[in-house]
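Take a look at the structure set out below.
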Amino acid sequence: MTTIGVGLIGTGYMGKCHALAWTGVKAVFGDTPDIRLASLCDATPELAAKKAAEFGFLKSTADWRALIADPEIDVVSVTTPNHLHADMAIAALEAGKHVWCEKPMAPKYADAERMTAAARRSGKAAILGYNYIQNPAIRYIRKLLDEGKIGAVNHVRIEMDEDFLADPDQPHSWRSEAAAGYGALDDFAVHPLSLISTLFGRVESVFGDMAKPYPDRPHQGGRRAVETFDIATALLRLPGGISGAIHVNRCAWGRKGRIFVQIFGGRGMIAFDQERLNEVQIYLAEGRPEDQGFRVILMGPAHRPYDRFIVAPGHQLGFNDLKVIECRALIGRILGEETVAIDFDEGLAIERAVHAIAQAYREGRWVTV
Amino acid sequence: MTTIGVGLIGTGYMGKCHALAWTGVKAVFGDTPDIRLASLCDATPELAAKKAAEFGFLKSTADWRALIADPEIDVVSVTTPNHLHADMAIAALEAGKHVWCEKPMAPKYADAERMTAAARRSGKAAILGYNYIQNPAIRYIRKLLDEGKIGAVNHVRIEMDEDFLADPDQPHSWRSEAAAGYGALDDFAVHPLSLISTLFGRVESVFGDMAKPYPDRPHQGGRRAVETFDIATALLRLPGGISGAIHVNRCAWGRKGRIFVQIFGGRGMIAFDQERLNEVQIYLAEGRPEDQGFRVILMGPAHRPYDRFIVAPGHQLGFNDLKVIECRALIGRILGEETVAIDFDEGLAIERAVHAIAQAYREGRWVTV
Amino acid sequence: MTTIGVGLIGTGYMGKCHALAWTGVKAVFGDTPDIRLASLCDATPELAAKKAAEFGFLKSTADWRALIADPEIDVVSVTTPNHLHADMAIAALEAGKHVWCEKPMAPKYADAERMTAAARRSGKAAILGYNYIQNPAIRYIRKLLDEGKIGAVNHVRIEMDEDFLADPDQPHSWRSEAAAGYGALDDFAVHPLSLISTLFGRVESVFGDMAKPYPDRPHQGGRRAVETFDIATALLRLPGGISGAIHVNRCAWGRKGRIFVQIFGGRGMIAFDQERLNEVQIYLAEGRPEDQGFRVILMGPAHRPYDRFIVAPGHQLGFNDLKVIECRALIGRILGEETVAIDFDEGLAIERAVHAIAQAYREGRWVTV
Amino acid sequence: MTTIGVGLIGTGYMGKCHALAWTGVKAVFGDTPDIRLASLCDATPELAAKKAAEFGFLKSTADWRALIADPEIDVVSVTTPNHLHADMAIAALEAGKHVWCEKPMAPKYADAERMTAAARRSGKAAILGYNYIQNPAIRYIRKLLDEGKIGAVNHVRIEMDEDFLADPDQPHSWRSEAAAGYGALDDFAVHPLSLISTLFGRVESVFGDMAKPYPDRPHQGGRRAVETFDIATALLRLPGGISGAIHVNRCAWGRKGRIFVQIFGGRGMIAFDQERLNEVQIYLAEGRPEDQGFRVILMGPAHRPYDRFIVAPGHQLGFNDLKVIECRALIGRILGEETVAIDFDEGLAIERAVHAIAQAYREGRWVTV
């Protein structure tokens, strides 16, 4: 395979992020097939044409089925609203394309199941946009865990907080409608779950709690009830007897992209905050007690694949760079390499955990995933 | 009242802490009666005499009942092991003394109830050693909340972690025996609960989880099962519709005295870490978005009663200073002032919450406190 | 101008950085002419061809004069070793190309003067690779200063520290030869000087100090004297009566890309550390004293042009993104827009300051720049 | 010696600090003679009596000569304004008392010389109140240096910044009069110099710079020229070929007690900030590069004499505790122990360095101390 033909559906936040990843991945890594930005699709021909020009795509269309049918396309990036993921991803897989679909898979679990079945049938690479796991810092943490640096892990806490819904005067929107899902649970908790999947394996059982910081929001001159939960908590049982907890909050003033991970082991502890994505903290219970402390490690070329971006340590990757690494992971899957990624199978396990947490909340009891 | 006669029972970690508080409180605050260090009691006459000399007490004894009976004593500091608190505190109250008792009240809830009943009957000041609430930083946070600076609080998370049991090779001790209590729950969680009591009021209902990071520990050449839980988690419902969570861990490598508090409000957020006890972080959603950020406020004379210790800001109080403030709060109670402190009534409410969390854990369901 | 033809000379650390910038700039900003990666030059035809394939350039060559003569090229990126900058940049300018040259201009001041003269004669855009000034954080700081948020600035300190020469056992290399220049002064201090140029204007007078942490290094089985100074300090007088200081150190163990800036004003203070390039700290002396503290502001879409990269705040740009912004600044210059950049004129002023600091060091006295 | 009789002159900021130290030192350390708070002196008999009652002193007087003559007094704490230090300290020494005098010694160098001569003649303990050096964190740093943990030190930077004069609208006061001394140089720089003395030895040669952030201040309805320099910088040559720099600023908005120390060695680096006085940062160039980072070490019982205050690590000492340690160092001197303290000899060396820096500033050249 000397060239990969790319089709992109959607040009919003994540659509641009995919476009930048496809644009840069070969220059960054050097070792990929050529990337051919074949076609781009958005809602109208005009928007699609404008974005194709900006992002450097050769063609554009407003018909996503046409894009999927395009023989020049090998892989399809699906970055549309969540409820469209299933139809597009399945159609692409059935057309023999590889698929890079944004998270979460689909608001309905049945759709996620259909997507996974289609991926299995197709034999194509099908991965989800869980880019936080692609951070060299997370790969380094996984390496430390594999090496047993902090001993056997016995406990883990992950918080994910942002403030884009924190303003109580922000008008009611689709995000607060029940049709959008549970709220913070499916919107945010999937990210901590993707980290848990990458570092520890699949969740075994869960307890859940959810809360509405604001019961209603301004709507058409009055107030309208908020139907989703902007705060959620899950207690977890993980493989190997590890206990854990996840906290997520979309109304956390001041938090902009915080994903704070604390991993407790028998010989040390690891902490990481996505708001400082180039830093890993590790405490090792070794040497003299008086010399022990949390070490703040700045990512550098020794933390692969940071080296592909910058040769100097401590100069820092950005959020968009993580997507380039994810893109390289997808290409690896296409080429038959072993790479770290959340594929549709693993993504479905994450969805199962999400629904189990919601059930645990409703029923006020532990639920086996 | 021009002089307060002090009796101290116990000279360990907390005994010394009380002694230092009694020694310094008048020099720090200036506005108290004279403090007369009347008598000190420890297990043997020799130890008691030695410590009395060190701490500056006039007399010493190995008979705590004699100390309590001493007419020169107005207030008794009880700093002995937890299972001795009830008898000593009750005897002191019944002898007409004020009592300053270390936390937690007693391993058995019935004993805590007896203590509270004795305090009510006596009409004397009876407070518990929850010194973290005495930090000027916590008082400042309470003031900010009272002023509505961060709007209505809707969520709170508190973590308390230390590592004094983190080493899996540390031999089995009384701390790992069932007789010692639940483990981290009664040893640690009472501190976050004292903060919640001070800032938000009494817990309404709870869910609980507990875990043993190490199932057994070295013992007499073999291994012995750990009967307590060094990790505990509680989900909370607080007054005013506030949801919350507490995490405690006595096996958290690297954490030495971390009590991390996150308070989420409709107009801002407050964060505080006891490991940097002189700093409060606050984010306010006001002004231009581009200028918003977490403000790290160093405590200073404007944060009472820091000013009684140091006239310059940012120079920092220490842990022992918090006990001096607690001592002043006790003296205030004796003098009939309104002061912030956890008295036996409030302490009993904390104990109730602890036992409810344990019950919730056993039964896997929410429990009303 | 609908298309910009790009020629790149050099494919090392900075060459790749330029390539990534040219590759991504249109997709990021959307509002530029099309970018045509016309030709790439490196030392051998094989290396050039390999890198052209990786970076997506249409042609390659080992003859930089041929690249410069190529009529399909509008702008030349010069990323070769410093002593080659002058000839290449001057030839490109004389061939009517715009030039984007890495810093510093040239080891010899006379060469820098020739470059500047050539740029003036050509009327072409000619800027230097001082990418740290392109950080949205720095632009935000400049805006704060322009608005007078911290009042009149009276003092500034900048430190730049890395550790790539910190190991005393690292063998002697060209970096330790006198021919390479002064050492940390011309290698590092130019970056703080570029920040000073951007924020405060040109340095008026200087005092200088330099030091060799290691007098010699391993060389061919023995030791060879280090001829450069890996540590340098400059005291500064800036426009408007501002005093200041710069510290640079290439042997600072643990510092990986630290550029710590402290700006003292009559109404507040600003601090910034390049090792956390997405954070600005600001203290404003306003409101109640008890509420004042350093605010840690995470960069977001409100801090232009962060918004062109990511729509969510706090998600973080990386080092390579700064080069994309610099590339856009260059394009702006080509298009006749006003943009923030260090052009050859301003770069020459920085070189003058560097040589004045060295002279001040030699003569042990203040020197007017 | 079974009892130490204490006389205290002055009850302001530092007077109270001494009083608290004398009150607590025996209870904290346990191993000292009994402390007898014999007599206290302040400006009026009323104030003296009031403060004696608060601080627990047995007698009071408004006549400092009477206090010094008091046979019940073994040691005199001198905490009056700087220009009174010399007369009081010398009189006390000549009366056969030990002296604990606040820093700096005296505004005039000749007075400092007289004090030192008196101390030598007396053979009594005579130390200065440089309490920052008493921090267990600083003692730990000294130990690390002695052990060679970071290799040979080659460079050091110390900044000391506060903001009590930062407001340009603050009225003119004695602090801005030439009679008060140089300004930040003698008020602040002596602290960094005391740290340098403790960690590296005496300064060999200096360069100096000083600045006035505000040329004048409000005064009697008009403006009056500021005669002192609120900002000062010194470049240093230290024993062993170490280069260094000191920056001090009394107009640094937001800094409340910052003393930031950076020590650069051949095998690592140490950093410390007095605003987080219980933390030491150390970077060691050992182990795998990918695992290296700055370690934040929280002080604990392993860092003597923290253990005398608190048995649990990370619980934190406060500023006043440092004075207790200093008091213990003084008692050690009295008892003939070797202790870390700045005595009058060493204090005079610090004063010499201060005046040399001022001379270097005036003459624009390096000056040998």
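When the chains are written out, they are named A, B, C and D in that same order, and each has its own residue count from 1.
Simple rule for what comes next: a residue touches a chain if its C-beta (ideal position, glycine included) is under 8 Å from a C-beta of that chain, and two chains touch if they have at least 3 such contacts.
It should be emphasised that the depicted structure is a prediction, and the values quoted were computed from it without experimental measurement.
Q: For chain C and chain D, which third chains touch each of them?
A: The common neighbours are A, B.
Q: Could you compare the number of C-beta pairs in contact for A-C with that for B-C and name the larger?
A: When B-C is set beside A-C, the one with more contacts is A-C.
Q: Using each chain's Cα centroid, which is most distant from the centroid of chain A?
A: The chain farthest from chain A, judged by C-alpha centres, is D.
Q: Between chain B and chain C, what distance separates the C-alpha centroids? Give it in angstrom.
A: Chain centroid spacing, chain B to chain C, equals 53 Å.
Q: How many angstrom lie between the centres of chain A and chain C, each centre taken as the mean Cα position?
A: Here chain A and chain C have centroids separated by 34 Å.
Q: Find every residue in chain C that makes contact with two or more other chains and list them.
A: Those would be 255, 292-294, 298, 300.
Q: For the complex, which residues does chain D have touching chain C?
A: Touch residues, chain D against chain C: 150-151, 154-155, 157, 159, 163, 166-168, 207, 209, 211, 213-214, 231, 233, 235, 243, 245, 247, 249, 251-255, 264-269, 283-285, 292-294, 364-366.
Q: Which residues of chain B touch chain D in their complex?
A: Where chain B meets chain D, its residues are 13, 16-17, 19-20, 23-24, 26-28, 30, 34, 53-56, 162, 164, 255-258, 275-277, 298, 300, 309-321.
Q: Considering only the defined contacts, which chain A positions touch chain D in the complex?
A: Its residues touching chain D are 140, 280, 282, 288-298, 300, 302-303.
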